[in-house]
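Dropping the structures in below, format is structure tokens.
Each of the two complexes below includes chain A, the first together with chain B, the second together with chain C.
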Partner chain A sequence: MKKNIIISQTILMLTVVLTLAASSPAKLNVVATTADFGAIARELGDDLVIVSILAKPTEDAHFVDAKPSYIVKLAHADVLIEGGAELEMGWLPPLIDGARNSKIELGRPGRVRCAESLALLEVPTTLDRSMGDIHALGNPHFMTDPVNARLAAERIGAVFATVDQQNAVTYRERLAAFTKRLDEKLAVWQKQFEPFKDRQVVAYHNSWPYFANRFGIKIDLFLEPKPGIPPTPAHLADMVTRMKAERIEVILVEPYQNRKTAEKVSAETGAVIVDFAQYPGGVKGAEGGYIELMGYLVNTLVTALKNSETSKEQKK
Partner chain B sequence: MKTALYRLLAMLVILVPITSSAADEAISTNTLEELRQLRLRTEALERKVSEAAPAAPTAPVMTLARAGNAYMNISFDVLADAGWSSTPDVNTIQPGGHDPSQRGFSIPNAELALDGAVDPYLKGFANIVFKMDTDEETQLELEEAYALSSSLPVGLQVKAGRFFAEFGRQNNQHPHAWSFVDQPLILNRMFGEDGLRQNGARLSWLAPTENYTEFMLGVFNGQGEDAYSFRYTGAAGTDGVDRVYGHATTARNLNGVGDFLFVPRLASSFEMTDAQTLVLGASAALGPNDTGENTRTLIYGVDAFWKWKPSNAEAGWPFVTWQTEVLGRNFEAGEDSAAGLPAETLQDWGLYSQVQWGFIRRWVLGLRGEYVTGNKSASEDATTERGTDERISPNITWYPTEFSKLRLQYNHEWREYAENGDAVWVQLEFMLGAHAAHKF
Partner chain C sequence: MSEAFGIMLWPFLACLLLPGILVYMGLHIVRREIIFVDLALAQVAAFGICVAILLGHDSHDWQTTAWSAALTFVGAGVLTLTRPGGKRIPQEALIGIVYVVAAAASFLLLSRSPEGNEELRRTLVGEVLLVRPGEVLQTFALFAAVGVVHVIFRRQFLLLSFDPERGRSEGLRLWFWDFLFYVLFGVVVTSFVRIGGVLLVFSYLIIPAVCANLFATLLRTQLAVGWAVATLSSVAGLYASYKLDLPTGAAIVCALGLAMLLTGTGRGIGVIAKR
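On to the complex of A and B.
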């Protein structure tokens, strides 16, 4: 008899504990592969989500180590936000296998592949690796265009509202505020670039076609001879000649790229090196959210173009 | 009351399609007209656009759904070795099944790898290996073929089929992932030339802890050459009797749960800083062997892997890794009265420790030191086969891309019961198709 009472009391206590645990307002666990998605998730989720970002903002997102600690983060994730255009293919699949989390399986609402909601540039017509490290689905650096970032944000906001329905209204409001702010900024940024239409800029790697398209400039010359292949002396000599002949005066370099190579080219051509980053926090001055990053990129590049010899001559 | 409700429901069910089909007709005429109007407008717009921007070269735009439509990843990876060794009997100093097998050129491994999602519940993996022997005859081997559960509840995961046992760090890596041309001696001494690889199943549990901790338990048949220290009858000597370490063997069947080979493993990782990660593991393999009716083998090991890579590394460079495994074995050999051998316990242990330094993009310097030893046995064969050997191997590797590499390695080996050995090898790797993602 006494035993029965103890058992029933234990069951009662367990039930109370479990109910409490289940009903406590848990924050949404969000994992983003890169800091651009992470920043947007933070913007939309704010106090309602906990965001973990896998790749460091200074890291080359093609070559991230699949650290076991990332498996733990993914195992606890309610939502995983990835680019999904092969940028993470070298390290994300084994992490997802290891995480064994049904919430982030392909096809589930918790798995957000941002590339799916937009059209990618530079989709190769033939797949041939003698052309360097090209991606079958197209250029994966799509978040450098604010319009794509807007589409990604809409996708992320919709997913948050689906997965955490209690707060759906809040997510939608924040999304509306974010896109409004982004649209306003975009108009300003485009205006800033207007005087520099079709101006040529050199980049270390082909990470900026979306940015160039949006702002009407050209970033289609690279220090790398082919995507993923380190610069060769012959190719650099070619580039120096071209840059001198075509009066190209700006080189974009990202935190993980070899700045010394760019410095050599800069010394020979007089071109200015502009520190660029695809991810918030990647360079000093570009901390904060996505809009802050894009604002920084636009301002630094516009300043560099303004100070270039070409612009000075045009003024005279 | 209830029947009335049912009737109402039934009427609704019948009525809804009728009313909706009537509505459909009304809508369809309207819709058609609207569609026609829309088409006209679109055509007009298209004409305007093409007039405004004649033959503007636009970048090809394709949606993901059209581009990514393969059901599985396929890759083919080839290792080609060339080199020279102090002894023409290369196998005596390079005992691994995917080591260089002869002076001159060898193809120790050409591997077809397939993987993909089977359905929403399983992923499938297969590795089919083409291995060339010293007569340049190709052997075909189903190296691995297994299914992996996608997402079982409470952190569980099941793997089933044929696969490398998760013992230590290197045993379940494929040759192209190795940092050296050859396998560590201690792995060959414990697991034979091909590693511990069996038909079986493995259950894994990811602990709900802050840092990564995974517990795995593999259950295997534990038979044949790929379970070298377990139910393996060995090779026949001149007298036609199968022996392992001098002791005659009899093939034992599975007669109970205790006859399976069990491989438990615990692994845990620690983020020391943003740039440094340490993974520690402990493994064991327990099962019967064929030298007696109740003879058993126990292999145990600990392993460590540490990596430093700054968070602004270019294409993965620079980096430093350190990898070490220490293994020990108790092999109960049964009495062999015909050969005059008593029942005895053969004890072996050994280790390897290796450092890889990616000092500049594309280039990696490596150094590996090894030590293996075994106790004296009543059988002379077993003693000389398990002597104290040491090996040192410096190497340098050049990676043009992640799809190919060129490696130069020198080995010097000090051997207790045989002449010291030297060897120089060049290895070329090239990979076609999908590049499998790197595990840490």
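On to the complex of A and C.
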């Protein structure tokens, strides 16, 4: 009899402890597909959220290898932040299926598709596979424009405030602080690019049209003959001739792209290779948040353009 | 724990139900000394997928499957015709040539098709972690059908692999059974490649069969040993994949490799002890 009382008391105590643990302010579980969204989520959520990022910043977000932990993270997520413009199309849907989490189903507030709230570039008029690896919704690398990042941040902040209403005020304050800082920086960055208006830069893959548009330069020549198709000898020879003729002196390469191709073209043309990344942590020196990444990108590219022959001649 | 169960359930079922027939076919393959035939056929199937994609079909369209199957049959035909008659050219050499040429041809097509890149990658690594319930059940039904054919004609198939001389003297049409064997084999390999990838298929075929040959000579015992090795390694690989967060297919392949090492060592110690 006495034993029974002890057991029931223990059960009662356990229940009380567990209820307390459950009702104490739990942190919001946020999963971001790529590190750019993850950085903004950390900026806005800080101590109120736990952010996990699926794709490594040095990994091509078109192709990500599935691991069991990804499904576990998605199963526990209160909020899932994705680009949503077909960038993660190849790997995210089956992971979400596996996670069976109703909070991040399409149409629920916990599912944030950042592309939805902004206008994408290069939306194809006809869908034709012969064009290469194109995306029906437009170019998915929209976060390389700080204005789009601002829109994405606003969306993420609004979702945090809806899902975690207790802390809505804090999220809004942090969002305001972030956008203010971003706007100030953007003005500085645009000024840095002013002397290089319409300058042509070559990239390995078509990841930078938003960046180019915002800063008034041109990044519309690529080492890939078509998006997703590895460089062919004829195309590279073509690019070398063009770069020499038009005096294009900078090549942008991302961590998961074949640097050797760029090095070969660089050796032929004398162009400088600039290591670029779309995600914080993708290249050395670009760790930290989104603003730190963008600052790094602007500084390295502006430095490369400043040191180019064309700029030196213009000075004379 | 219930969460691990939910996530790993279908990969687990896939690794429990599907390798059964692979282990059995592996015993044939090892006995015939045509170890790399699965790589060759899988690569031919992948080449078929590339052709279909280049013609504008989606990787999930029926035309893609048809192309893949048709080319696999062609591959099976080539392998039938090259059954070792003379001793000067070993069949393994021709299998190697089929593999290399199919792989190179896929690369050529791939340079024209961005989607082929993803597809070819998937062919190699597989996505056993993300396998869909429907996929497992369909493949299992298909494998069961292949298994039934093998049970009905077990006399012919066994003679074919284990005693072709006697088969010939008994008037067995070797070329016909050879072709049927390769077609069924091609079907099994290509459908499992879509789930597990080339590496996993190869490991499930060869490693349990080799382990079994270390310990037993009777086919029935060999099958039992092979199935035990495959099942235990699958469980170990899936567990490690979940606990240590490793890519699932590669973890199972390494678990099978470890099983090989353990059985090999065990066998070695056994032999020494007997002396």
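What we mean here is this: the second predicted complex is superposed on the first by the 299 of 316 C-alpha atoms of A that agree within 3 Å, B and C clash if a C-alpha of one lies under 4 Å from a C-alpha of the other, contacts with A are read in each partner's own complex, and residues count from 1 in each chain.
To be clear about the criterion, a contact is a pair of C-beta atoms (placed from the backbone, for glycine too) under 8 Å apart; a residue touches a chain by one contact, two chains touch by 3 or more.
What you see is a predicted model, and the numbers here were worked out from it, not measured in a lab.
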{"item": "Superposition on chain A - do chain B and chain C clash or fit", "value": "clash"}
{"item": "Partner chain in contact with A:P68 - chain B first, chain C second, else both or neither", "value": "both"}
{"item": "Which of chain B and chain C A:L221 touches, first, second, both or neither", "value": "neither"}
{"item": "Which superposed partner A:V272 touches (first chain B, second chain C, both, neither)", "value": "neither"}
{"item": "First (chain B), second (chain C), both or neither touched by A:V240", "value": "neither"}
{"item": "Touched partner set for A:K56, first chain B, second chain C, both or neither", "value": "first"}
{"item": "Which of chain B and chain C A:G138 touches, first, second, both or neither", "value": "first"}
{"item": "Chain B versus chain C as contact partner of A:T232, first or second or both or neither", "value": "second"}
{"item": "Most chain A residues touched (candidates chain B, chain C)", "value": "B"}
{"item": "Which of chain B and chain C A:G90 touches, first, second, both or neither", "value": "both"}
{"item": "Stretch of chain B, among 21-29, 57-65 or 93-101, that runs into chain C once the two complexes are superposed", "value": "93-101"}
{"item": "Overlapping contact positions on chain A, where the chain C interface meets the chain B interface", "value": "63, 65-69, 71-72, 75, 90, 94, 97-100, 129, 133, 228-230"}
{"item": "Residues on chain B engaged by chain A in the complex (per definition of touch)", "value": "59-65, 67-68, 117, 120, 123, 148-153, 155-157, 206, 208-212, 214, 267, 269, 271, 274, 277, 279, 307, 309, 311-316, 361-362, 401-403, 435, 437-440"}
{"item": "Contacting residues of chain A [partner chain B, same complex]", "value": "56, 58-60, 62-63, 65-69, 71-72, 75, 84-85, 89-94, 97-102, 105-107, 113, 115-116, 119-123, 125, 129, 133, 136-138, 209, 228-230, 255-258"}
{"item": "Complex interface listing, chain C residues touching chain A", "value": "3, 6-8, 53, 56, 111-115, 117-118, 121, 125, 127, 129-130, 132, 241-242, 245-248"}
{"item": "Residues of chain A that touch chain C when the two form their complex", "value": "63, 65-69, 71-72, 75, 90, 94-95, 97-100, 129, 132-133, 226-230, 232"}
